[in-house]
Amino acid sequence: MSMISDELVVSEDPLHPANLICSLCTKFYEKDWCLGTGGGISIRDQETNRYYIAPSGVQKELMKPTDLFVVNGYHYDPDHEDTLFIRKPDGLKPSDCTPLFLTCFKELGVSAVIHTHSSNAVMASLLYDDFFEISHIEQVKALPSHKIDPETGKHINLLFQDTLRIPVIENQNFEYELTDDLINICRKYPHTCAVIVRRHGIFVWGPSIQKAKIYNESIDYLLGLAIQMKEMGIDTVKK
Amino acid sequence: MSMISDELVVSEDPLHPANLICSLCTKFYEKDWCLGTGGGISIRDQETNRYYIAPSGVQKELMKPTDLFVVNGYHYDPDHEDTLFIRKPDGLKPSDCTPLFLTCFKELGVSAVIHTHSSNAVMASLLYDDFFEISHIEQVKALPSHKIDPETGKHINLLFQDTLRIPVIENQNFEYELTDDLINICRKYPHTCAVIVRRHGIFVWGPSIQKAKIYNESIDYLLGLAIQMKEMGIDTVKK
Amino acid sequence: MSMISDELVVSEDPLHPANLICSLCTKFYEKDWCLGTGGGISIRDQETNRYYIAPSGVQKELMKPTDLFVVNGYHYDPDHEDTLFIRKPDGLKPSDCTPLFLTCFKELGVSAVIHTHSSNAVMASLLYDDFFEISHIEQVKALPSHKIDPETGKHINLLFQDTLRIPVIENQNFEYELTDDLINICRKYPHTCAVIVRRHGIFVWGPSIQKAKIYNESIDYLLGLAIQMKEMGIDTVKK
Amino acid sequence: MSMISDELVVSEDPLHPANLICSLCTKFYEKDWCLGTGGGISIRDQETNRYYIAPSGVQKELMKPTDLFVVNGYHYDPDHEDTLFIRKPDGLKPSDCTPLFLTCFKELGVSAVIHTHSSNAVMASLLYDDFFEISHIEQVKALPSHKIDPETGKHINLLFQDTLRIPVIENQNFEYELTDDLINICRKYPHTCAVIVRRHGIFVWGPSIQKAKIYNESIDYLLGLAIQMKEMGIDTVKK
């Protein structure tokens, strides 16, 4: 298979990973989360176990499916990153977040990772130390808890009075340098669906791109609310 | 009739309730009122007395008419909720707000209910106690008063110097638990067209979906203005 | 001619007044200037001297050309308002601003009037007394001064160091009651292209709808900037 | 060649300079950077060395390719500005920024210049003296440094801990009067990709329009963040 074959990325199905990455990046650009090439999305195709990754340094709202890189998950080997890709568009480089995205997929068993430079995430990282925390806001119920429903065996979402707690890690010079800290924080807090990177942005993941999008939007709403609460002297965790 | 028949929801008329719910949800998503599956809309078809209800946990801006549930109003029976639906799309659950929506329809005799997680409503619920209040702003004239026009017998809207007063109720763990408080507050203040749920969002209703949308937009504008006034030390009710 | 003939309002020309009113109302809705039926636009067709006026109480972003009222300017007679219209769509009422719009056309000799409930205008009316004033901001150069270019005989725009000064009048219970104050303030300050109505919104006019739109956008930008400057303790007029 | 020939500006290629200027102006209008005819874009066609320039005083979001002026770079002569243009649309004047744009092209050797009245740039110019400065925010990495990559010989971008430093020059009555100050500041700080004009807006340039757009968006994001940081008492340069 040619490294620039379009077969892996061209589909008429709007829910194909390659189409979803592009349509979501446009949506996220309009929400000011992906200005100036910032941010990115990676999706695992659950049927083929292939990973779709956005290119580096492109205008996210103009990205086309044929701009995407594809990694075959079964061949994942961090020491041979060059051989990772089964699709490499000419003239493009894969997202600097590639090692981070792949780590999330491997360590967390998730199917989609969203990274944005949301200014709410950056502001929150300046207002909170080790964790962003908020409780007693309805929207926290959109986010997963570490509790299991005894009947279904599935993770259940936070309750209204629960505290959403998102770890904040320090930024590094290069995105790949965040990988170890991301793994460590996820091992320490295995149930978090997001990590804020101080003065940088946020990574959000989920068992599907739909869930990851819902988590990302809900967290951004809560971050924005928290900043406004702080500005007006209101605690974001109710005692 | 099959529970997944499309007959009740497929129409080329943009004003059909199923189409309106979808187009308004897209619009509300763009205004940041329905991020991450939050919020919802329910409409009563005035000709057939059927209630159209959005599904739970879906991305509101992507909802299709075929995702909607339909309840036959004449068979309404809260003790037999399972038998309520005359249309149930496969793989979806009806909005958690269903009991609340149906209560609004039954108790208030309205034809449309809008629920959002508007951050303005949440912020206002942190800045006001039992009532959100604002007066002497032109936009209050878009909202109904409790006064009757002696000539037409119709309710008239607030005047410029009137005070818009929206009750605030406390949030509960589950949306159905809000039902009793919502009924009680509406019996106490039968002329309100909205109730704010503290740290949660807002419910707005009207005699038609057009009116409910106008009320919802007008209230959100007034909530946003009130927050900005508070930030700058200006009272929202003029003495 | 039937009062509901479409002849006056149906055109394929996007610059036809009926099309412009609709496309601009959609644009203004997206800028949050026309939420919940607030605001409106009226345009004088310079060729036919007919005035196009939006209906009252409709969702501005959904308005169609066939929803518009038309007044024949040559028959203008405030004492016989009923006979004003040469087009009256069934089931609609003309904008409550109609007398105000017609007064602007008659008194000011303008060709377009824009009215919005811009929250920037309302906030500014709470922060300034008799005049909103701003100077030394480049965007003031988009607005007309009272000075005449000696060569062309045309009014010239403000210079960078000039002060834009927009009168603020008090709101009244009904929009038609603003007419006298609007006339008086315009006679006193004949060169203003806008009047802010306290706790209500703004009226902006111009020799063409293009100019009125440019003035309206420029003023709203300056109002927003002024509010932000006030919040940060910066005077809006440079001494 | 007729001065109003469409040959130079009509193309089906969305990346043709004439199409890009129009599509970007629409995008920038939606971001509130080009309200009321403010701002503009000029692009150098790298193949033909022709400069495409927007007209003055038009609504930027409605601009058509046929509204554009074209200058033949090889004939550039500031003393004979009248003879500059190889395309002059009837009834339009070239942007007041034309001398500034041409100066940027000549002095800086760039291929695209973006000018906006971004309110973030204006607010920042009121909060900073000679330089806007921000450091330790991931998005600074989207902007060029003055350092050269020893391997590729290309300029490299700022690192995370580097300080982005954008000079602020004083505004003048006419845009062409900014030319000398712009040249001087660029000679003094040859590696800046932007200059803020106090109480006016910002000029941003790059080796391609794609780069200039990325720089402009990244800077505006950083300006907005800096203003929010200042409001909450946080220094924008980390000591």
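Chains here go by letter, A, B, C and D, matching the order in which they are written, and residues are numbered from 1 within each.
What we mean here is this: contacts are C-beta pairs under 8 Å (C-beta built on N, C-alpha and C of every residue); 3 or more make two chains touch, one makes a residue touch a chain.
Being a predicted model, the structure only gives us computed values, none of them experimental.
Listed by label, the chains that touch chain C and also chain D number zero.
Distance from the centre of chain C peaks at A, each centre being the average of the chain's Cα atoms.
When the CA atoms of chain A are superposed on chain D, the rotation angle comes to 90 degrees, reported as a multiple of 5.
Of all residue numbers used at the contact between chain A and chain B, under half are used by both chains, marking a mostly different-residue interface. One simple way to say how far apart two chains are is to compare their mean CA positions; for chain A and chain B this gives 32 Å. Between the CA-based centres of chain A and chain C the separation comes to 45 Å, rounded to the whole angstrom. Shown for chain D are the residues in touch with two or more other chains, namely 231. If touching chains are joined by edges, the resulting network of the protein chains shown is one closed cycle, each chain touching exactly two neighbours. Taken together, the chain A residues at the contact with chain D in this complex read 32, 35-38, 57, 59, 117, 119, 122-123, 126-127, 171-173, 197, 199-201, 227, 230-231. Chain D makes touch with chain A in their complex at residues 136-139, 142, 159-161, 210, 213-218, 220-221, 224-225, 228-229, 231-232, 234.
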